[in-house]
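Both complexes below contain chain A, partnered by chain B and then by chain C.
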Partner chain A sequence: MVENRPILNILTHAVLILGVLFLCFPVWMALVASTHGAEALSRAPIPLWFGGQGWDNYTQLLSAGLPAAGGVPIGMMMMNSLIMALVITFGKIAISIISAYAIVYFRFPFRMGFFWMIFLTLMLPVEVRILPTFDVVTRLGMLNTYAGLTIPLIASATATFLFRQFFLTIPDELVEAARIDRAGPVRFFIDILLPMSRTNIAALFIILFIYGWNQYLWPLLVTTEEGLYTVVMGIQRMVNSGEALPVWHFVMGTAILGMIPPVVVVVAMQKLFVKGLVESEK
Partner chain B sequence: MATLHLNALGKTYPGGVTAASEVSVEISDGEFVVLVGPSGCGKSTILRMIAGLETITEGELSIDGARVNDREPGERDIAMVFQNYALYPHMSVRKNMEYGLKNEGLPKAQIAARIAEAARTLRLEEYLDRKPRQLSGGQRQRVAMGRAIVRQPKVFLFDEPLSNLDAKLRTQLRAELKALHRRLGATFVYVTHDQVEAMSLADRIVIMNAGRVEQIGTPMDLYLRPASRFVAEFIGSPSMNMLEGRIGADRASVTFGQASALSLGFDLPGPAGHPIALGVRPEHLHLAPGGAGGIDLAVQFIEQLGADTVVHGAVPGAAGPLAVRLAGVQRYEAGAVLSLACSAENLHLFDAETGVRLAADAV
Partner chain C sequence: MQKRVIFRSRSLPYLLVLPQIAVTLVFFFWPSYQALESSFFIEDAFGFSREWVGLRNYRDLFADPGYLRSFRTTLVFGLSVTALALGTSLGLAVAANRVLRAAQSYRTLLIWPYAVAPALAGVIWYFLMNPSMGIVAYWLKGLGVEWNHYVNGNQALILVVVAAAWKQISYNFLFFLAGLQSIPKSLIEAAAIDRAGPIRRFWTITMPLLSPTTFFLLVVNLVYAFFDTFALIHATTNGGPADATSVLVFRVYNTGFIGQDYGSSAAQSVVLMALVIGMTFIQFRYVERKVTY
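Take a look at the complex of A and B:
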């Protein structure tokens, strides 16, 4: 198709650039705000360019934390968030891929029944089942533990459906060839199925990592000890500073820090994801 | 190297559908046996039962005298080549060939030696480190064969391995397969729906229809003495002409409709008036000198194939079309009438009701 419409080109680019600016502006504001002091942010024209306190703000956040918000260093919260996000991600992927393997490749009674039961968990997000889940976690003594923070979020095989659909597209002959090549069920899973699912796993990793990282309500419920706070919770606690002046520069700094890991994951995995999409062939 | 013994093999699915029944074949060491038949005739089911991919519900299968009904595919010492190649897409050609050997626990040096040899045989040396997706269809199928060869199995199984290739490549790979069989001297069982493939490759053909064996024999047995109407029409291209008629009053002729009759000059088995089908191959009909042939053909259209010409038409009085294959380039207008003749030994008589060959071979 020949396209020679200069005015339209300019117009579409203008819309595009406007959109990008619109989306990036809040991030820019956060970044700028995190380099100022508290007073500069409480005065009328909010600064649009960097201030001189960036270094001090970030060192205090990372090393000491805020006394008003419990004094937990952001580094520690980030570590908690990272542990939670990674455990949820790996746990969900592992459970989903194994259950999809069972449902697609093995004949057992009530196979479809189990599939639909798993599928139903898609309709029950954490928020819906939060009270019973909290009750269970309490009785199991898992409050204020990493297990309590992660296991209830793992226990929904969201990605089972996705893996099942993918496994169904793998030709039966491949399974048969593997059987003739003396590969038992475990070998077939590890040597053939896992490598072939690599791109699906990458895509899910991105989605689930961000899902885990952004968890807010559940960590708020099950953790009361400061050592288990996550970044997303931390931000909320900083804003709730009571009578004192809100410490916007710290809040914004924490937000910026909290954004980094998901961005890193997306950027790093995107390559594998796109590569897998381009090369995909069965 | 092994013998294969199929004893009244059958497959009935849980739903009650019978895919194959009473299939008995003795395959001797180093034989190239082709299972052929139309789609749904049960030939693939038989092959998959030999492979162990399908459970055997009736009968017994033995390899080298040992009953293998209940053995896993990996324990039967067989190798299989699939129609869609079934190569592991994420592994290089070398890894694909290695995989089965690794699972067998063979020493590395031995694996490497076998792969080198198979790659040389199949001219795959320069592709060993490529992924299957970087290869053409013919190359992929050669890799699939390589994966089978390195296993050094007792029996090689092929499930329509050439069906996904274009015509030229198919002919080429057919020759390679034949050469491979000669070099390895192994037992081959090959499934195809293509009778040309069956004729050109097989030592013996097992022709199947509706889950049953119609006939087992060498390609020439099947061509020259088809045991049933089905075999007669399946083998040969263009397929055998069938003229439906009845045994004449003198029991030495066939009557078609009311008017025409064809005198055969020998006695037919069966009572006068019994419905029969008279078969004759297009290539066995020839123009009768001086128009004194027994069969008149009203030309409808012709197919020019270069080396020969197939003339399609109808025999007045007889139901059904008739084709004749004449050597060289021939030109006939539609509507022309040819007088054709055929020698008696090239006539095949079948019972029109049961399809069984009539013992008119007293000729």
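Take a look at the complex of A and C:
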């Protein structure tokens, strides 16, 4: 701060508090609504403070789910979300780090060709090529499998770039030293490069976990079996469940459950998250 | 671009890039090629026969008033989300950059919505604005606004704009804050000594130095609004009422899966791909410029 201006200080805090209220209020209301019964939410104004049915609502959601929306327990959907998010995250990190290693530390025909091929995937998000990708997955017999849910999303240009960028900053002397000690490429990768990349891997893990957990369109397309539903996608069945009005206290409970894992990851690992976000976008 | 010291191996590098390249070929290039190819055909709904029609799918597309309206909706939606998310987060970042006390707590409270899935953000706002019992709709009624996004198309569009912007503020906030913190304090102090007030300093020093960040965020936000908000719209308004919130990505899905018109859906995919490629190109050109800056 350059100078002391009391009015500006008050204004600053007012802006920040308003911002926090705007961001937190919707989730507060969702949390409150999930602790009430259908009766309290049937007409305006709905209560702004917690009701007494929270425990019952959440236990029913987690263990039995909603009959109107197929009756899939949310606990199971969250398990599916977790499996999908983790497979996508580890898969992306694994195949990106080895391809970045090949591109930086080897010289081989088509090296730049491969690099550009990976780069181009940035330009082809699932949303713009929905139907043909679905077609390919169908032909490969991957509908309604965990493989179909995860493998098509596993290529990552961003992660490859991040690792490539990081490898380029590692001094050449390390490689020379390793070669003098007669370490081969595999040895060098496992004993030196991988431990050095720890922070980058952790930062990337957070960003990719959120990406994986929050997938919507892809699970919507490749899963028709209720046992494979993920929570972010499954909620849509509760909102638009045909003629019946949505059962809001259950819908809001599901929304809360669906946002807990990624939000906890972001808040608990804030420093790494900010690092990962800022670096992976550059 | 390349290391001076490298390893030598005939087959290992290929083995290392193989998984990534295989996934890319099978799930990115093959489908994209198919989209391009089938955009030149008309196929019957059962996939038994197809007929080469050249550019007819594209001609039909751009002659379709529904598609052109969807273009306009997407533009209005994208620009509104970007303006709302950028403006709010810039204000918050400038404020957060000023506070000394509780700065960390404010940051934590402002960044967590990044982790909330767009679909969930949409559903929660859908609940808040529900005409019969939503609390925001109730307050609006108190102000004399009759809110019903089930019948009023403009209100449905406002609903998805607010929900999409709400989710994007945290992201912009973090980048603006990083940009603000990289502006040298000495510049601001020098201006203060020359008796430039806070507002003057903001417009003549902060904003120009922040312009690379702002431009980067502008492109990212537009890409987000154009392509990542399918979930939000599908989980809430479902494109309605009367196509009022049917943006381009939603339409691709609808034409292909609900309407089963593969040729038209493929042509729409190709148009969208051209759009993404154009935007990515702009983004990278600018990044190049920043490097030599």
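Just so we're on the same page, the second predicted complex is superposed on the first by the 260 of 282 C-alpha atoms of A that agree within 3 Å, B and C clash if a C-alpha of one lies under 4 Å from a C-alpha of the other, contacts with A are read in each partner's own complex, and residues count from 1 in each chain.
The rule is short, and it goes like this: contacts are C-beta pairs under 8 Å (C-beta built on N, C-alpha and C of every residue); 3 or more make two chains touch, one makes a residue touch a chain.
Quick caveat, the model's predicted, so the values are computed rather than measured.
J.: In the superposed model built on chain A, check whether chain B and chain C fit or clash.
T.: fit
J.: Based on the superposed arrangement, let me know which partner A:223 touches: chain B (first), chain C (second), both, or neither?
T.: After superposing on A, A:223 lies clear of both chain B and chain C.
J.: With both complexes superposed on chain A, which partner does A:57 reach: first (chain B), second (chain C), both or neither?
T.: neither
J.: Return first, second, both or neither, reflecting whether A:192 touches chain B, chain C, both chains, or no partner chain.
T.: first
J.: Anyone got the angle at chain A's C-alpha centre between chain B and chain C, nearest 10 degrees?
T.: Between chain B and chain C, as viewed from chain A: 90 degrees.
J.: Once the shared chain is lined up, is A:80 touching chain B (first), chain C (second), both, or neither of them?
T.: In the superposed model, A:80 contacts neither chain B nor chain C.
J.: On the A-aligned overlay, A:176 touches which partner chain: chain B = first, chain C = second, or both, or neither?
T.: Both chain B and chain C are touched by A:176.
J.: Is A:3 touching the first partner chain B, the second partner chain C, both, or neither of them?
T.: second
J.: Between chain B and chain C, point out the one touching more chain A residues.
T.: When the residues of chain A touched by each partner are counted, C comes out ahead.
J.: Please provide the least distance in Å between a C-alpha atom of chain B and a C-alpha atom of chain C in the combined superposition.
T.: Superposed on chain A, the two chains' closest C-alpha atoms are separated by 7 Å.
J.: I'd like to check the shared interface: which positions of chain A are touched by both chain B and chain C across the two complexes?
T.: Chain A residues touching both partners: 176, 179, 281-282.
J.: Could you list, by residue number, the parts of chain B that touch chain A in their complex?
T.: 51-53, 72-75, 78-80, 82-84, 86-91, 99-100, 103-104, 133, 147
J.: Would you pull the chain C residues touching chain A in the complex into a rising list?
T.: Interface residues on the chain C side: 1-9, 12-14, 16-17, 19-21, 23-32, 34-35, 38, 88, 91-92, 95-96, 98-100, 106-121, 123-128, 130, 132-135, 137-138, 141, 166, 169-171, 174-175, 178, 185, 188-189, 192, 198, 216, 220, 227-228, 230-231, 234-236, 238, 249, 252-253, 256-257, 262, 265-266, 269, 272-273, 276-277, 280, 287.
J.: What residues of chain A sit close enough to touch chain C in their complex?
T.: 1-3, 5, 8-9, 11-13, 15-16, 19-20, 22-24, 26-27, 29-30, 33, 41-46, 48, 94-96, 98-99, 101-108, 111, 114, 117-118, 120-125, 127-133, 135-137, 140, 151-152, 154-156, 160, 168, 172, 175-176, 179, 184-186, 188, 210, 213-214, 216-217, 220-221, 232-233, 235-236, 239-240, 248, 251-252, 255, 258-259, 262-263, 265-267, 270, 273-274, 277-278, 281-282
J.: Spell out the residues on chain A that touch chain B in their complex, using ranges where they run on.
T.: 171, 173-174, 176-183, 187, 191-192, 195-196, 198, 279, 281-282
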